[in-house]
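Each chain carries a letter (A, B and C) given by its place in the written order, and its residues are counted from 1.
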Amino acid sequence: MDYEVKLEIFEGPLDLLLHLINKNEVDIFDIPIATITDQYLGYLELMKTFNINVAGDFLVMASTLIHIKSKMLLPGSHEDDEEEDPRTEIMRPLLEYMQFKEMAEAFSEREILDRDVFARTVIPYFQDGVTGEEPELDVNLFQLIDAFKRIVDQRLPGAKLTVQPEQWSVKDKTELIIARLKEKGAIFFREIFSEDRTVSEFIVTFLALLELVHMGLVKVLQPTSEGDIRLIPSFDEKGGNGNGS
Amino acid sequence: MDHNSMSKSLKLIIEALLFASDRPLNVREIHACLPDETGSKITQALNELQTEYDGLKRSFVLREVAQGFQLRTRSEYAPYVLRMLKTSPTRLSRAALETLAIIAYKQPILRQEIERLRGVDVGGILRTLLEKDLVRIMGRKNLPGRPLIYGTTKKFLAVFDLKDLGSLPKLKEIREFGSDEEETVPISEHDLRNDTSKEENATGEKTQTTLLPKTD
Amino acid sequence: MDHNSMSKSLKLIIEALLFASDRPLNVREIHACLPDETGSKITQALNELQTEYDGLKRSFVLREVAQGFQLRTRSEYAPYVLRMLKTSPTRLSRAALETLAIIAYKQPILRQEIERLRGVDVGGILRTLLEKDLVRIMGRKNLPGRPLIYGTTKKFLAVFDLKDLGSLPKLKEIREFGSDEEETVPISEHDLRNDTSKEENATGEKTQTTLLPKTD
């Protein structure tokens, strides 16, 4: 056997064809179709020998090559000016393919980020250098619930968190909180509970607040981790009745 | 004199911004931090910084990428930096690079067109490119099955050190009936954009989503 | 002379390392990248760099902090840097991204359905997504407790560069991408396919999505 048993893996039929053209050092504009077809088929045979599954794309190209080869064998057909060279059918895609192979090569030679060149990465250090107006601390749900628990403990020490028949609806409390925010602009977290008398009322108020937060109607802020939690409205209608300043 | 020190401090402010940013900053973004300066003064300062770094022969330079400016280490330091980061460099297979090249030059493009050009299925590769945020889905084509249209991302420009699509290396035209392979066809960004609008795909040219594979 | 240029290049290598590092580097760590140099030479180079930056009056300095050496912008530039960082893209955690994906694909959806899919409480994430205006409340379902119905917003489309919800790649299409054996990075699409599984993959929080602000 003439084949060197070194099986290269080709991306597809075009890749294999281009390899054969380069190996034989032939002109892509004048492909010796018989030779190339034989070698192409030989390669497919080799793949089968090695039990490599030959993809359908390779077989389609094989039949195209055989078809071109038979056309070329018809006397005079390829010298006829009016008829296109049958090899054009594979020449065009090959040229296009070569073009992109070359561009891929050009791409890989560029200064690629995180391979050849490196940029700065995120650095959180700026925070300790900054004094004064620290942006508001976003509180998470856990902190909020924790704060709620503290209030319950403070106001009703030893109270058991049992749920009683509902006297207050979440909707009522929601409206109450909104009304207060509209009136005052911003309120402290504990203020919304100032009139609550029972644990269940607390819970309903708290659920109402959560709902408002979920709906994006209220923002919860905590200036410092020990500071009082503040609620500010973020509804579309801004307060309303002419607060001149 | 006063003017001089003014512009010097502008340069230094811009330097600080670039230094503290992990992404390329464009003139508009810098301007947003410096509303008192004019855009043209910022551009000038950026250009001066660029020349300055080249002159200073430091280990980093100011590059214009992805329609913005970014400080980047010089390539000669890559081996050391890679050792420090303990990561393997960005790597793309040959197949992925070829597919990326096709998408970059032919966008907006359908998967079936890519497959016609490459002669093979590109599903797996497309997935990789989408995951790496080098390629994005631009929309759907009004064809049976409403196939997805692909294009490149802003990150593609950043990774491959490209200012914009217009600065893609010229596609080499291989003449069908000649041996002159030097001929080039300029593909301007304009042409690419026009193609986009032809597709009625006015989704905007900016990539909005970036999936950063974080290195540990 | 020779010695001088040697130490100059050592200085620049160290500069490149400090530049590309996201945390302070100590002499030992730098030494690990430059095994041919001695520790004392590295210390000397660090000191020289420190003096050099001070002399150059650049916007950054080399600071020795508890854990090592780090390049930092001078504090006088902090206001500008902060302004820049405030306009920086906000990040979404992997958990938030997954939740968002579920909402995008399954909308209109109830919170309990999201939680069933993710296997965890999503209250906090939902709030973040609502605040970022990526998710909205579409209404209430006629069920006990009148639970809220969630869906995505216009901004969601803009941020992810989608013309409409129909342009979202379908799960089927994502599956068709198959897998690329060469380099596969686990990513959200994958999780979407196996909705309920994958919960034990707690390593995940590293992957982040960057939401670039609209640039028009």
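The working rule: a residue touches a chain if its C-beta (ideal position, glycine included) is under 8 Å from a C-beta of that chain, and two chains touch if they have at least 3 such contacts.
Everything quoted here is computed from the prediction, not taken from an experiment.
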Chain separated most widely from chain A, comparing mean CA positions: B
Chain pair whose interface holds the most contacting C-beta pairs: B-C
CA centroid of chain A to CA centroid of chain B, Å: 17
Separation of chain B from chain C, taking each centre as the mean of its C-alpha atoms, in whole Å: 19
Euclidean distance of C-alpha centroids - chain A vs chain C, Å: 12
Where chain A touches two or more other chains, by residue: 118-123, 126
Contacts with two or more other chains, residues of chain C listed in rising order: 16, 19-21, 73, 81, 85
Chain B to chain A touching residues, read off their complex: 19-23, 63, 70-75, 77-78, 81, 85, 87, 89-92, 94-95, 97-98, 100-102, 104-105, 116-121, 158-162, 169, 171-174, 176-177, 215
For the chain B and chain C complex, residues of the former touching the latter: 12-13, 15-17, 19-21, 23, 25-26, 28-30, 32-34, 57-60, 71, 73-74, 77, 80-81, 83-85, 91-93, 95-96, 121, 123-128, 130-132, 136-140, 146, 148, 154, 201-204, 206-214, 216
Touch list for chain C against partner chain B, complex: 12-13, 15-17, 19-21, 25, 29-30, 32-34, 57-60, 71, 73-74, 77, 80-81, 83-85, 87-89, 158-163, 166-167, 169, 173-174, 176-185, 187-189, 206-212, 214-216
Partner chain C, residues of chain A touching it in the complex: 118-123, 125-126, 129-130, 135, 140-142, 210, 213-216, 219
Footprint of chain B on chain A - complex, ascending: 11-15, 29, 55, 57, 61, 91-93, 95-108, 110-123, 126
